[in-house]
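Chain naming follows the written order as A, B, C and D, and within any one chain the residues start at number 1.
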Amino acid sequence: MNEACGVVGVAFPTSGAALSIYHSLYSLQHRGQESAGISIAHEGNTRSIKGMGIVPWVFKGNDLLAVPGSVGIGHVRYSTAGGSELENAQPLTINFSGGTIAIAHNGNLVNSEELRLDLEQRGHIFLSDSDTEVIAHLLVKDLMRNNLVEAMRRLMRRIVGSYSFVMLLNDILVAVRDPLGFKPLCLGKIESEGEQGYVVASESVAIDVHDGEFVRDIAPGEVLVITRDRMESHQIYKQKNTAHCVFEYVYFARPDSVIDGRLVYDVRLKIGERLASEHPVDADMISPVPDSGITSAIGYSKKSGTEYIEALMKNRYVGRTFIMPSDTVRKRAVQLKLNAIKQNIKDRRVVLVDDSVVRGNTSRRIVDRVREAGAAEVHVRIGSPPIVSPCYLGIDMPTREELIASQKSVSEIEAAIRAETLGYLSIDGLVESIGIPANDLCLGCLTGVYPVEIPGEKCVLRQLRLEEFDCGDSGEVSSF
Amino acid sequence: MNEACGVVGVAFPTSGAALSIYHSLYSLQHRGQESAGISIAHEGNTRSIKGMGIVPWVFKGNDLLAVPGSVGIGHVRYSTAGGSELENAQPLTINFSGGTIAIAHNGNLVNSEELRLDLEQRGHIFLSDSDTEVIAHLLVKDLMRNNLVEAMRRLMRRIVGSYSFVMLLNDILVAVRDPLGFKPLCLGKIESEGEQGYVVASESVAIDVHDGEFVRDIAPGEVLVITRDRMESHQIYKQKNTAHCVFEYVYFARPDSVIDGRLVYDVRLKIGERLASEHPVDADMISPVPDSGITSAIGYSKKSGTEYIEALMKNRYVGRTFIMPSDTVRKRAVQLKLNAIKQNIKDRRVVLVDDSVVRGNTSRRIVDRVREAGAAEVHVRIGSPPIVSPCYLGIDMPTREELIASQKSVSEIEAAIRAETLGYLSIDGLVESIGIPANDLCLGCLTGVYPVEIPGEKCVLRQLRLEEFDCGDSGEVSSF
Amino acid sequence: MNEACGVVGVAFPTSGAALSIYHSLYSLQHRGQESAGISIAHEGNTRSIKGMGIVPWVFKGNDLLAVPGSVGIGHVRYSTAGGSELENAQPLTINFSGGTIAIAHNGNLVNSEELRLDLEQRGHIFLSDSDTEVIAHLLVKDLMRNNLVEAMRRLMRRIVGSYSFVMLLNDILVAVRDPLGFKPLCLGKIESEGEQGYVVASESVAIDVHDGEFVRDIAPGEVLVITRDRMESHQIYKQKNTAHCVFEYVYFARPDSVIDGRLVYDVRLKIGERLASEHPVDADMISPVPDSGITSAIGYSKKSGTEYIEALMKNRYVGRTFIMPSDTVRKRAVQLKLNAIKQNIKDRRVVLVDDSVVRGNTSRRIVDRVREAGAAEVHVRIGSPPIVSPCYLGIDMPTREELIASQKSVSEIEAAIRAETLGYLSIDGLVESIGIPANDLCLGCLTGVYPVEIPGEKCVLRQLRLEEFDCGDSGEVSSF
Amino acid sequence: MNEACGVVGVAFPTSGAALSIYHSLYSLQHRGQESAGISIAHEGNTRSIKGMGIVPWVFKGNDLLAVPGSVGIGHVRYSTAGGSELENAQPLTINFSGGTIAIAHNGNLVNSEELRLDLEQRGHIFLSDSDTEVIAHLLVKDLMRNNLVEAMRRLMRRIVGSYSFVMLLNDILVAVRDPLGFKPLCLGKIESEGEQGYVVASESVAIDVHDGEFVRDIAPGEVLVITRDRMESHQIYKQKNTAHCVFEYVYFARPDSVIDGRLVYDVRLKIGERLASEHPVDADMISPVPDSGITSAIGYSKKSGTEYIEALMKNRYVGRTFIMPSDTVRKRAVQLKLNAIKQNIKDRRVVLVDDSVVRGNTSRRIVDRVREAGAAEVHVRIGSPPIVSPCYLGIDMPTREELIASQKSVSEIEAAIRAETLGYLSIDGLVESIGIPANDLCLGCLTGVYPVEIPGEKCVLRQLRLEEFDCGDSGEVSSF
């Protein structure tokens, strides 16, 4: 299952985990609104609460928030087509000979089906379709005969793909990021009721919400082992290159997050500026397609000198969680969501800045609405290159057949969405806006060349180097 | 987990499983009101719906009932202290190398902890605490290398305790009853929309609800394998003696069910008559403690010639599912539930007939209310012998310390519940009322001697004989 | 709107009203499961909580139960066809120049439409269709110029029909019963946390639930005015004859209630005995149609000497509140609800005792099921005379066209329900079983002659005598 | 009750009202998220659905949307302190001698208490506290003796305050705006399934959502009477001056709405520019307080030439409808809602543009967060003048004591919110930005001088002139 999610783990000396996780999940809500869950280790037990919907609904009136546990993890899950059920909510909790494991996972394994079949051949059974259950089976096997760090090393040798996960092994918090660092994961220090604690989370905003201190990104291939009084770092794998997901910068992450050293807001501003350089146009106004196009539109306006005026107003109450009661209503969804401001648009040459084009349908409807509202010309500028290939690493995208840029040239797309001109950001432009070398980014969906092996797709493997790892060595240790 | 539940399995040639299971579960609702679930095999998939609460709530408005599957199973679960969560609802569904298995289980394994630890030592992981997941792990292991019947044989050699379960192995319905036949399970033929089908269920009322034909009880040690067009019977184990639970007759089953050849209503009537012979009393009226004492009270009245008059009226709206909003209310629970009819009682010598005494608190409160209502004397007659030992085989009972008859003599209990006289049915009386030899009943809670080994308890093992079983032999086969 | 409901009013010196009302409503739940409501006067305000469903659901977790008010009223409402919405839930609360009035009403006015039209002609507006709102308008008009008792007198001169209602006029509890006493209403003394208080309720079980003392029935035409420290009785109207509803005895009230001096259980027992005398039959067993036929069947068995054996078992979980998910299921409703016990019935001549026949459909289905279960003969005995005419006074009944006894003779009905014989209780038999002279009962639905004028129906008016009432006289006063 | 709400009315020749109202309410959701309701006239009946929460929740799965009515009204209600209950949801529906009236009201009467007392003195009763019920009582009285238009004239002579309401009188749609035009109300033409219809709504976005044609604002003092085939306009009152609410422009209305001829976006842009002129500051960046400060901040940036950079990011999932589970969480509400982007702020001189300051607490917390994030200086610019007096005309505001500008000077507020400088827009600046003469605006909350009489407050009455109105004259008529 290809999923984008948000994870958080927290460890304090004596208490405060539950409420801290709640606040962090709230700040990561944009990474998933389908379900939310928290697991807290307390007095030898692991208590979990999971539910469908957004964070405040799931935990409303729930006494878990008052559990005095000091270590815990949390998860928000994104709704992909199908499979929207409570059984899929995380953390996944299992019992084994060594106690209890709870896992909250963000990412997508590309070999999970193969691993699952192999495990099934050995007699393992699965209660869900999730990658997370595969991870649990593998890990438990390794934990039977090895210490935690060695077990993690063996696990990471088996699983391929993107993964950033947090885990409770009884009352030990473990955080791990895959060797290529596809998905973000960062470390911070926070305070709660006078106690210092650690927080590990998908984005730095989950640290900010506590007025906490951002410490650093978790390194690709790193495993953190955090207990109530100390933290160990184990650099299990060291890679020459990474494969950070570019779409976290383009639209998935919050603009106020810092990911792998780059402020997302700043990347988007630069994307807008670069777009203005690459695809200038003589126009009267620059408008974002709200919300994800806002920052890039500001950048485009700044660079081009053309005025920033909003052509479209978004109805804040139309969300993915708001079910449309009928087909008739669904057809009207774009109108409900985006209203064109006629007076701002009339007789003007409008540049619309959006983050990406997937199937092209939404873009066409938006261009139509702006034109019907009286625009003299409609120019579309996209803050990312054409998406020509699917994502297998954790961003929810349709099949290759549905990706318009996989089927049509830019000029054909320009015609299809009925824009006067259409300009996509170049790959170089995106890479430079992010400020991370192309060799350290995953550009699979933009180039069709992936950093891991995927059956039927081209691949340029990142060169990995397995660290010599001495299980007796406890790695770098920090006290609280 | 010690649980009493209800199970049902249905197989038709082409469709109709879901609605038939729904009706059967409705008729088995008394066996469990905590949760309900249905799994239907359809076109290579197994779809399940589970939810908290009673059958009509769980499936209200649910489109599962319209799924055109022809084979399926269902489950209702009893609420025991704690563990009342959706995760525990059944059927349990798992994926393994051979496809999908769904299990709905009634009973309690006495060696599940041992089996679980053994499996955990071998690297297995568990997502729940249920016996059912243990069964699934064991079965899958055996299915890897054996055909279904041989795998069932191996499973049944490992698990000890009470179990009657139905299972979907992909689209094959399997029903099994433990070699001692603790828990009831019976077979019927039903019709739906012109098709003949089979139903397997905990009680015969689940056949009656379809106006179906009761075929027979599933034999202890028997495995039925039912597909959409035929049924095989495999007598895996054959035992000299069985160990049918007596409390199914005393209070758990519906009076209109026939279990192992005995109509429950008839057993209860005989219990009442026998009680009148064993503990006659010069009184003015015989009254049941409703509802479970009704039939025995009728029998007592008939035998004794003393008039049957209701001393207590039950509020039909006070149920186990109706949560009391506060402690103050809880204290008043008996008053809310049972009202003494003063005019029927006043100055009369009343015989109250109840099915059993567990802790003694409820009995005392009822005697008090009848006396306060003006009874001249209150005589209590109990349609079962004293419960001196816990049940490990699937009836929800408290610990030995809480069982009043484990701590006090009959005369002490008589004093404790403040009755003029107290008479328990003798063990012989119960056995003869049931009409099954004592050697074929489980009397563990009444004698402290159990038919299976339980650590710290006395045991007289039933003599088992493993049938020579040829895996190539498909047993007795019936067509639809 | 023709409605049967349950009402309760409570007054204590300083606190305890809410929880006492809650308990009383619980005991009156059989009078209405559609909605429930409580209004409490406290510190100059009237707080109300109303909701759909049964009492424990509506007030679950509600802090109203903790409101320290000492005076309040409550209501449970019966679900009639249509109009099942929260807007119709009671108590109805209104503000007027003199403060706040909350009313909980049981009964049916036969001139409400006329009164409503008259009020509308005078410019009044109505937010609901309920009789209660009509009562509120009339009462407020009278309260503008008169004291409470005089206003009640004027109100009672205007409204015609059945009504027993309790009312909060600010913090004064008022209880009133119509001059003919159609609907029951009684007075009791209860205790809560050391305080003595009064309770007024539809049935005496609402006093029993508190272990309270039954004081007396409210007299027809009487108005009780109860404050936190005293109670006044005003016999506003005195009638030569009353018109108590016979169906309260036949099936609506709880058997353990005492209504107008008669224990309902005792009436039903006598009904059964009388039925045995009027319609003897040579049979093998007497069985009730559960639940409402139980007591009469016991009486029939006692009188006839034929054995009482249950032929039908009721599924306790099939209730009016349990919605059937589809038409297919609805057709199976009788099977889900009542199961025939074949072994009890087979080859026997069965007498089925039921309380009444309305449309005849259910009776026919039950007779069919008993016969299919193997009965040699099926004799039906009905504990009430044929219902030939609709009820306009508060019992939920269908139109005349749908009443089978209005369309067919007894022998035709016998054929229609496919019974060997059918015997209805005679009107004399019913009257004598109740033990109240026919002149003091409402027999409208049995005779077609009503005690109040109803357009298109025959009427023999009860002779009323308006008491000379001196508004300065405060009536009979009791202190707490 | 002082309430800001949204209303809509729709009339088509034969069908389509319900779904059109649903869409319009969706677009007006920002005017109220507490409850929503729709009333549809169909075949002589008026059907209503009301519920708590936002539009998609209330009508999810509701079959009202399929009712083939052609005329209807809708309402969204704002949650003010207390009184958040279903009873207060609108439309209010009443029955009277002439049929049914449903009313959806936006505004606040300043003499409703006086009117209510007067009506109560005449024997009227009230089931709610709403102004709407007062309006219904008055209107019905007048409708008894007058035609609709004359009745409206009489009603409007009695009620004082702000009101824009839509009403169904049986199947006639009536729209009315108070003579001073406090609250917006506009008229549009829309199409649904090939039919032309009229829509009346609080804001023009409710026309845009249908791709409809904005016709005009309803004139202050105008009554529109719309049936399925024609529309009449009656200018009941004509005033020399109006009193349009300025806060609709400042923050309440959507930026893409046109109100009384002014695009709200344009007004806010001008507010920002004017603010830059009135309170320039040497700074490094202009940032809005999202969302309501965005457009003004763009204007400030444009005028000042200082760069527009977002200092604060809003968590879209923290809404007024999202209940905080505990006090601890509530304290963290600002952090959950607004995150400061450190990298954008660090060492910079930041200008924060917000729409208004009410109590000052939120402003102080925001300034603190921006300063903690490293800002060198924090300058606050407010797009409205100081609020010195409460609103009695329909904007939810606290008491005078709680309004910081009523208690402190600007320099004291500057100190209280800990900003380097604080600049409020001048009243002249606001008036000129709106582009409507001060004499035609309500500036009560900014000046303490109100356009209607309010006890204890200063008032300069707008000069009204009652039109000579001939009841036989049907006004200006348009056909569809």
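By definition in this document, contacts are C-beta pairs under 8 Å (C-beta built on N, C-alpha and C of every residue); 3 or more make two chains touch, one makes a residue touch a chain.
Just so we're clear, the structure is a prediction, and the values are computed from it rather than from any experiment.
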item: Those chains which touch chain D and also touch chain A; value: none
item: Computed distance of Cα centres, chain C from chain B, in Å; value: 38
item: Distance from chain B to chain A - Cα centre to Cα centre, in angstrom; value: 49
item: Distance from the mean Cα position of chain C to that of chain A, given in whole angstrom; value: 62
item: Multi-chain contact residues (two or more partners), chain A; value: none
item: Chain contact topology (line, ring, star, complete or other); value: ring
item: Pairwise chain contacts, counting only pairs that touch as defined; value: A-B, A-D, B-C, C-D
item: Touch list for chain B against partner chain C, complex; value: 19, 22-23, 26-27, 29-30, 33, 54-57, 59-62, 65, 205, 208-211, 254-256, 258, 263, 265-266, 291, 295, 298, 302, 307-310, 313, 315-318, 322-326, 328-329, 332, 335-336, 339-341, 343-344, 372
item: Residues on chain A engaged by chain B in the complex (per definition of touch); value: 86, 92-97, 101, 117, 120-121, 123-127, 129, 136-137, 140-141, 144
